[in-house]
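Labels run A, B, C and D following the written order; every chain starts at residue 1.
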Amino acid sequence: MAGFNKLVGSYAEAMAGLEDGMTVIAGGFGLCGIPENLIAEIKRKGSRGLTVVSNNCGVDGFGLGVLLEDRQVAKMISSYVGENALFEQQLLAGELEVELTPQGTLAEKMRAGGAGIPAFFTATGYGTPVGEGKEVREFDGRPYILEESIRGDFAIVKAWKGDRYGNLVYRHTAQNFNPMAATAGKITVVEIEELVEPGELEPSQIHTPGIYVDRMIVGSFEKRIEQRTVRAAN
Amino acid sequence: MSLSREQLAMRVARELQDGYYVNLGIGIPTLVANYVPAGMNVMLQSENGLLGMGQFPTEAELDADMINAGKQTVTAVKGASIFSSAESFAMIRGGHVDLTVLGAFEVDVMGNIASWMIPGKLIKGMGGAMDLVAGADNIVVTMTHASKHGESKLLPQCSLPLTGAGCIKKVVTDLAYVEIADGKFWLKERAPGISVDEIVAKTAGELVVPEVVPEMEF
Amino acid sequence: MSLSREQLAMRVARELQDGYYVNLGIGIPTLVANYVPAGMNVMLQSENGLLGMGQFPTEAELDADMINAGKQTVTAVKGASIFSSAESFAMIRGGHVDLTVLGAFEVDVMGNIASWMIPGKLIKGMGGAMDLVAGADNIVVTMTHASKHGESKLLPQCSLPLTGAGCIKKVVTDLAYVEIADGKFWLKERAPGISVDEIVAKTAGELVVPEVVPEMEF
Amino acid sequence: MAGFNKLVGSYAEAMAGLEDGMTVIAGGFGLCGIPENLIAEIKRKGSRGLTVVSNNCGVDGFGLGVLLEDRQVAKMISSYVGENALFEQQLLAGELEVELTPQGTLAEKMRAGGAGIPAFFTATGYGTPVGEGKEVREFDGRPYILEESIRGDFAIVKAWKGDRYGNLVYRHTAQNFNPMAATAGKITVVEIEELVEPGELEPSQIHTPGIYVDRMIVGSFEKRIEQRTVRAAN
């Protein structure tokens, strides 16, 4: 099915069309399940003034952190950005804007963006700085705030296995934000570890149906560990 | 004597019940997992998308794709499930987690909690804390009763930016176990050897003290 | 002569493009699947949770757990995916389906569509039709141009309760292919042997007629 | 893990606590993936004045249709109820109230109910009878209506495989509304076809994590087909 073949030949092709000032939604939690090579391609490409939507901003020198080195990011929308000295420096210098968003609200904003829901009410953040300036409404006697959804010009996603139609499966907790990110990009680009034939993935066990995927490439991954914690073998 | 970190965790662990799904925050809350009473089973939820978090992996089990919300490498117990962040927070925000334990900078008599931001210092972000306190019905805050400089953390009104409003009912400090209701703190238990007077002196918000305040036993 | 059901489906099928994800409604829209041009691939979405709907099963393949939105037993093509109703409508409502084809009772010059309810008769319900018309950017309505009694179904204003407001841009009837824009119908093609006069006579809403109206070829 | 064993010994136990006037959310689409025996237990039990939330209302004599026979249903919230003569008769006689809800909105209302979202905006139903009396708001120049979520006193769910902790997998398109229903019940009751041991289901391939499930029972199922369509074998 030629029309459904999402595979592209190079990372340059994968990120073709990314322009300065665009919004990029990225999957991943910490350094787990991040689209390492798509991020590297954005660095190579040198796009600037980006708004990046991701739970975290990587660490110094790895993950989304590398986009800070050449000041490519104008704004981050994240729930936690505490692992990154360069981030702190640019934030304090006023070179970087940050919109802190509760983690669950961030996940739901991406999902809503992909699902045609422009806004939803949530109790999260009511009465806190996150709720300031947002509409408050009571349901069943409890106050909630109105949060708007997020869509990206691009979404960059890391999956484990994929077929050429773009059907995806994630591995362990590397799933995290990736499925929602995949739905919320005008152009969704995925890098996978392993290409399988259509039909190899059990249809009811596909995490992301191919309809959400525009481009796909097979990559190899460093998978750096942020907090290496081990116990002695018995 | 004021409670040690381990004793704090032990006291919090008494809030567990068999069959509870529990989310433990970073720090002392994490230690609670070590004091689950014998014969009782709880399942740990980690908000990055894991229900049934197990112990740290051995070198042989180590897997970069298997982490917890603290970004530590972990394992999964038999019967665990793994899912997306949206599903994970649907669980949390939908009130399906039975108990949430987290640290705080301050709580107040209205059940407000401040735990994520100290203006002037760098703002790291709230992570999942705002979702956890808004979504859970049953939250235990654990922290020291007062700062190193002796300033109470149990206040008439939080001074720092809030994590959540009106959501905290139980606080375990190094000096006492305190409940929050009707705009007041209610002293329920004191740490071994800690006098009611000391607790009263270190509680800035209105504190209701019963005639008898049982001493915690360990 | 006015188009047959098969010709209606054939004409609609010309709106397909290679790689389209398509949702086909019950009735004539379903027939469109039979006229996908050679060498072109489309993937059918069924709103009960199936992307990549295949043909009907053989007796041997028959499975009660494998149905389409019309509750018919079906199969899945290689590369299909199966998911929940929430995920299915996230796809539909999020605008991820490339083409939606459905029947209607009426459309009007504002792009409104009425397709689900005739007051006084029993109300069966809208099923997924309201989601489909609200979520899709590219919708083809297929229906007869006029009722059996000769009453136009292309109206200045729909008379029946709406399925969706301002969402229809393309209509394939047994007499013509009509587009909707700027509060008018625009006549684009006529069925073989059907005169412009007949189309004009049977179109109650304002119809813009170009000098030349090409005849459909089959 | 005793505290997590969701298995109950009988259908009576499975539906214990269901009272007249309660709201029951049911999984299933048409007759596919419906909790046949839990429905039958509600009929046996004779609870009345129920509000039933389900995409359809079964057919005469099967599925939710059986609850109409003794007039147990006061109100149906559904997207399509066209397969049932008894339903029509009770509706016309004013014995049954029906709240027709677009299918996607219904699925989202259940999901939102389970996820702590009391209301959301959607384009579906704007300008139609469904939108009447509901708040309209524009986002990005497009009008949307505000829809409130649904929770049930009970949710009744049919799954394929389950372990005793309540982790569930659905089979083919019998998934449909079941995963959302499972999240939206104060008490969620599941009947499954096949009991497996904890650990047999791959953790990242579980459709419904056990946290949503309160009670579980192993059943046998008729699986009636509504529209039997076959082709000749080649």
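Note that a contact is a pair of C-beta atoms (placed from the backbone, for glycine too) under 8 Å apart; a residue touches a chain by one contact, two chains touch by 3 or more.
Please read all numbers here as calculations on a predicted model, not as lab measurements.
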{"item": "Where chain C and chain D overlap in contact partners, by chain label", "value": "A"}
{"item": "Most widely separated chain from chain C, with each centre as the mean of CA atoms", "value": "B"}
{"item": "Whole-Å gap between the CA centroids of chain A and chain D", "value": "32"}
{"item": "Approximate Å spacing (C-alpha centroids) for the pair chain B, chain D", "value": "35"}
{"item": "Distance between chain centroids, defined by C-alpha means - chain B, chain C (Å)", "value": "55"}
{"item": "Where chain B touches two or more other chains, by residue", "value": "76, 82-83, 89, 92-93, 134-135"}
{"item": "Two or more partner chains touched - positions in chain D", "value": "108, 111, 115-117, 122-123, 171-172, 175, 203-204, 207"}
{"item": "Chain pairs that touch, as defined at the top of this document", "value": "A-B, A-C, A-D, B-D, C-D"}
{"item": "Complex contacts: residues of chain B adjacent to chain D", "value": "17-21, 40-43, 45, 51-52, 76, 78-83, 87, 89-97, 134-135"}
{"item": "Chain D residues touching chain B - in the complex, by the definition given at the top", "value": "1-4, 111, 113-117, 163, 165, 167, 183, 198-199, 203-204, 206, 209-212"}
{"item": "Touch list for chain A against partner chain B, complex", "value": "29-33, 55, 78-82, 88, 91-92, 98, 100, 102-108, 110-111, 122-130, 160, 171-180, 207, 223-233"}
{"item": "In the complex with chain D, residue positions of chain C that touch it", "value": "46-50, 55-60, 62-68, 70-74, 76, 82-86, 88-89, 92-93, 112, 117, 122-131, 134-135, 161-166"}
{"item": "Partner chain D, residues of chain A touching it in the complex", "value": "108, 112, 115-123, 137, 139-140, 142, 144, 148, 169-172, 175, 203-205, 207"}
